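Here's the structure we're looking at; comments come further down.
In this document, chain identifiers A, B, C and D correspond to the written order of the chains, with residue numbering beginning at 1 in each.
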Amino acid sequence: MIVLFYIAAVVAVIATIAVILQTNIVHALLYMVVSLLAIAVIFYVLGAPFAAVLEAIVYAGAIMVLFLFVIMMLNLGQHTRNEEKSWLTPRGWIGPSILSGILLAQLLSVMADLDQDIIPKQVGVMEVSALLFGPYVLAVELASILLLAGLVAAYHLAKPK
Amino acid sequence: MILVYLISILFVGGLVAWLSERVDPNYPRIVALATVLIDLVVMISLLGVDPSSGGWVASVNADWIPRFGISFYFAADGLSLLLILLTGFLGVIAVGSAWDDIHEKTGFFYFNLLWTLAGVIGVFTALDLFLFFFFWEVMLIPMYFIIAIWGHENKNYAAMKFFIFTQVTGMLMLVSIIMLGYLHFLQMGMFSFNYHDLMKVEASGTIEYLMMLGFFVAFTTKLPSVPFHSWLPDAHSQAPTAGSVILAGILLKTGAYGLIRFAVPLFPESSLDFSPIAMGLAAFSILYCAKVAFAQTDIKRLIAYTSVSHMGFVTLGVYAWNELALQGAVMTMLAHGLSAAALFMLAGGLQHRIHTRNMQHMGGFWGKVPKMAVVAIFFSVAALGMPGLGNFIGEFLALLGAFQSNILFTVIAAFGLILASVYSLWVIQQVFQGEYKADKFEDSHLLDLNRREMIYFGAMMIGLIWMGMYPQSFLNLSEPVLIELLNNTQAVTAAVVRN
Amino acid sequence: MSSIPIEHGLVLSAILFAIGLIGVLTRRNIVFVLMSLEIMLNASGLAFIVAASRWGHAEGQVMFLMILTLAAAEVAVGLGLIIQMFRQFKTIDINVLSEMKG
Amino acid sequence: MQEFIWLLPSFPLAGFLILVLTSGTLSRITVAVIGAGSIGLSFLVASIIAVQFLGSGDDYYIKEVWAWMSVGGFSPGFSFYLDGLSLVMMLIITGVGFLIHLYATGYMADDPSYSRFFSYMNLFIAAMLMLVLGDNLVLLYLGWEGVGLCSYLLIGFWYTKPENGYAARKAFVVTRVGDTSMAIGLFLLFAQLGTLNIQDMLHVAEVEWNIGSGLAIATTMLLLGGAVGKSAQLPLQTWLPDAMAGPTPISALIHAATMVTAGVYLIARTHVLFQLAPSVQLLVAWIGLITLLMAGFTALTQSDIKRILAFSTVSQIGYMFLGLGVGAWSAAIFHLMTHAFFKALLFLASGTVILSMHHEQSIFKMGGLRKALPVSFASFLIGSLALTAFPYTSGYFSKDEILLAALELDGPGIFLWAGGVLGAFFTGIYTFRLFFVVFFGETSGHPPEKEVGGWHMNGPLIVLMVLSIFGGFISIPVDAVFGHGESHEEHHVSALVHGFMVAVPLLGILVSYLCFHKKVFSIEKLMSYSISRRLHKFWHSGWGMDWLYDRVFVFPFLWLSRINHADLVDRFYGLIVEVSKSANKMVVKSQTGYLRWYAFIMALGLVALLLLGIIL
């Protein structure tokens, strides 16, 4: 199981890097799906099967499909690759990389002295649901309103004139 | 309850005036006039109420936010009554001066006018400091609209400046008020913003001094006094006439009232320490603004600066803190309320007729508008402190009392009398004397005062003569209040001196 | 040894977050930007799960659920905006949208 | 009748109110009746009160009309105090005032603002009566300011000419300087003595203060400031000559007979204080002397008929101050009265001349008028003689008493006396210079066809002529007022001194006769020397006082006003606005509009925050 965690982690990192380096948007999307599935595996390993399933269904399934729809609607594809390439100059990577590197270093230095181990223990749907419909019921309601608002807004924004 | 009625009549009247515009644009002014007249009658009826213990009449005390000790605590004593009456009187005058002046959005205008008045009455009667601050803001916002909507060519600048000055300094006062309430919490175990409770709060020297400064800055901005005065000339020169009347006649007095009621009694020791500075500031304010007034060509700006100059006598009197000086300050407030309002109405009347405020475009109006000239001379002469009129009583008593507490600054301030004559007569000469010039405006527009205007000016003249010839009727009202305040603070300061 | 040091999980989420940030800052294609944002959101969700699993709590999953909801709503609105933008400007270059400057 | 003393100011006040409220709708004759009649009634009441008061033998009489205010021990009332001094003053004011009003009904007959004129005049009389009858200094101050206001209004009566308005403002502001000094004096008196009731105050001061004490000196200096302002003495004398811009009856009433003598009245009223401060009292004498000499020189060089008379007024009030300064209180008041008679006469007569000459005021454009204007000629002759203290005219008695009192003073008395006599010499010269130039010699310009007149103009002139001649025989009942302050032995001076004092003014007349009538000495030749031209110019400008004050006070004030037109304090707030605006401009640059840039900055902020967390 632990080995699975490290493998999935490596896959996730590589796939994610591939996402941001890709010039073909459909390829990028596929790498993204790979990355998300890898993370779903990690969730499972860490004892969060419900999260893992949702990750696979909602993220990798629903959200990525949504992206795909949009890409198709906008008719982006092979012919935008050249444009994409011209936008990606090597110099453009320097600043963000340095900044992100610093950020990463800071985060790592913060975590450096955490000396605790995770002993994975299954936390099933039941516990999560008990919480969701217990103390967090208000948050759930708010989340549903948010989704509704998102739905209305997306409909309104995407509506042709 | 009568005080609550006083305020709510105005609030409700304002709303009715606003709504009535939908029926007919002429209705709001009638509603407004009726409202202020009813209010004035109620105010006068207050004079007949026997004061309860402590000299407070018609006190109302109900919980508002009990958790923080905030309550609807209204009460009036002689000092408040005088100022409420001034508010009512000038309210009528202000509605009258707007009668023919305002043609656009009349409903909203009278709504703002009446709400400002309501805020002012709230300020004069609130004895809960939080409530006081609430009304302090209530009177500010409608005034902002009056300037910003019905003002003249540079109205946005002036309105914004007015708003920022009063708002920023009001915040300082709010900080002081909250600090006081918190200290009360620390010392007595519960929050309170009640005036009488807060009087008992003890604070260490520096903290008290800082809180006192918070109040002082807020009040002297409203008063105003150098160096916080520079919003006033802009606000006045841009405001419509009715706005100027309220601003000069009443709103400025809330600052003076605050000094007498709150700033000094709440912090007697640090006020005592501060008094030489305040009196020096007052003396400087008198001379400086008199001089700047003389340099103006815009007649409304000029009168605005003279207002600042005259209010210096109030500060001087308050910080001299003896009976004569305080009575002088109160009389100055009342008399200046009338004289400044009248001068602004005259300037507004001129602007209404000839569409300019620049005195260099005027001259020799005496022959053309003799009644206006007589009225102008009367009020200019009142402003320069002619004995027999109210302003003299105020300034003379203030100086007489101030002399006993600080000779140097009183003598300096007395030179303001000379400068007052310089600028007052300069206005008269520029506008009314000399050759008649009509090259900058339509000659036929320059009409003499009509009957309505004469009634308002006549009422104000009678008021000033009354104040000047028999001030006792006003002094009697404020006397017990001021003596009580003096005794309270003297007890505290004496204790300090003993220790 | 059946335990994972908690740092490793958190480091992974930090790395993913940093990569997402690079993507946001570098890419000019607005769809890529949106995807990078998703990466970052996902990384933070991972951090929640990691932290919760240290204690065997379910709250981490609740938080993840919230983030998921947020991401879904955000993507929906964001993609709607992209469609609208493409209609108006005929491009998905984010630099075109720079008219709101001081 | 004495209890009706409040009627005295009430009549003119009522007249004022009627005239103001009707505002020019009344006919001229009604206005004249109200305007002059109210003063006439006052005079009538005043006379009856005077007779009764003198008959009763009381030293004083107090009538409180109402309590003005009462604040913390400060309780001035509207109460009138009648004693010998105020009696004399009130009779002069109402009597001479009535004559001048009567004259003015004719003089102003053609003026469009007839009613306005009389309303001011009536208000003036009311205020002046308040001034002399008030039993406390606050009421006195009320009258004091009131007369100042009326003086302002009347000087600027013909408002269309800007210079009249200027002169009026100058008069008001300059006297206001004095008034302020006086007001500060009142504050000090109240702070020290606890009352502003004149009699109480004087009693307390006498008990509590030592002679020559600092407080006495301070208060008297401050009161003196007020007095010199109102009475146009050095250093505040510059307003009076310009005040001649007003109609001539005003010059007679306000700027000769009554208001300008208010300073003399004030010092006489508070003479107890001045006795407690001998050094200040002596200063009063010196001020009087210097003023009378300076004004005498200046009067010599003037050519405007009214300005000559104005400087002569300044000079004569200088004599009164001299009298006050040497302790001859009653002589000073006596001179005040006789001066009111003959100076009013001279002014009114000059009014007739001016009106007959169609508002020509330069004496060199007149000449040989004695035939054409017989009444004026007679008035000027008698007035000039009284002014130069010709023996047995009214001026002779009063001026003589002052000078003799000065001579008797130890120490500087001899100088004061000599100066006063020298002044009398100049008085002779300049008075008769005017007289000879106007009424004798060549007729220049257009001689008037006939003298303006009528009974209401000539009547007052005749009454004043009689008073100017015989006024010296009136004895004023002020002994009780100054009783304890004045030595009352007869003046013992040798006949030689006396003869000298009589001869000097006559010598002045003789010089004037030789120079300006017989032209034995040529003035033109004298004027050909540059030094004398310069001196003439210097004296003509009133010793350059106006020039000096312009530079010391007026110009700096105007300069300050000009540079600070926009209010420096506001500049400070403007600075705040500017700073925040430019800060805004700098911040705006970071607002590029690029989304990625914003994200970058946010990330930078995150890094910075984390860094902060790590370091701390």
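General remarks:
Just so it is clear, contacts are C-beta pairs under 8 Å (C-beta built on N, C-alpha and C of every residue); 3 or more make two chains touch, one makes a residue touch a chain.
Since we're looking at a predicted model, the values are computed, not measured.
Contact count check for A-D and A-C (C-beta pairs in contact): higher for A-C. Per-chain Cα centroids separate chain A from chain D by 98 Å.
With centres defined as mean CA coordinates, chain C is found 59 Å away from chain B. Per-chain Cα centroids separate chain A from chain C by 6 Å. Averaged C-alpha coordinates give centres for chain B and chain D that are 38 Å from one another.
Across the assembly, chain C contributes 21, 24-26, 28 as residues in contact with two or more other chains. Counting only residues that touch two or more partner chains, chain A has 95-96, 99-100, 103, 107. Among the residues of chain D, those in touch with two or more other chains are 600, 603. All chain pairs that touch, listed by label, are A-C, A-D, B-D, C-D.
Partner chain D is touched in their complex by these residues of chain B: 226-227, 229-230, 233, 288, 291-292, 294-296, 305, 322-324, 327, 364, 366-367, 370-371, 374, 377, 381, 385-388, 392-393, 396-397, 399-401, 403-404, 410-411, 414-415, 417-418, 421-422, 425-426, 428-429, 432-436, 469-472, 475, 479.
Those residues of chain C that touch chain D in the shared complex are 21, 24-26, 28, 33, 94-95, 97-102. Taken together, the chain A residues at the contact with chain C in this complex read 1-2, 5-6, 9, 12-13, 16-17, 19-20, 25, 28-29, 32, 35-36, 39, 42-43, 45-48, 50-51, 54-55, 58-59, 62-63, 66-67, 70-71, 73-74, 76, 80, 84, 87-88, 92-93, 95-97, 99-101, 103-104, 107-108, 111-112, 114-121, 123, 127-128, 130-132, 136, 139, 143, 146-147, 149-151, 153-158, 160-161. Listing the residues of chain D that touch chain C in their complex gives 587-596, 599-600, 603.
Taken together, the chain D residues at the contact with chain A in this complex read 600, 603-604, 606-607, 610-611, 613-614.
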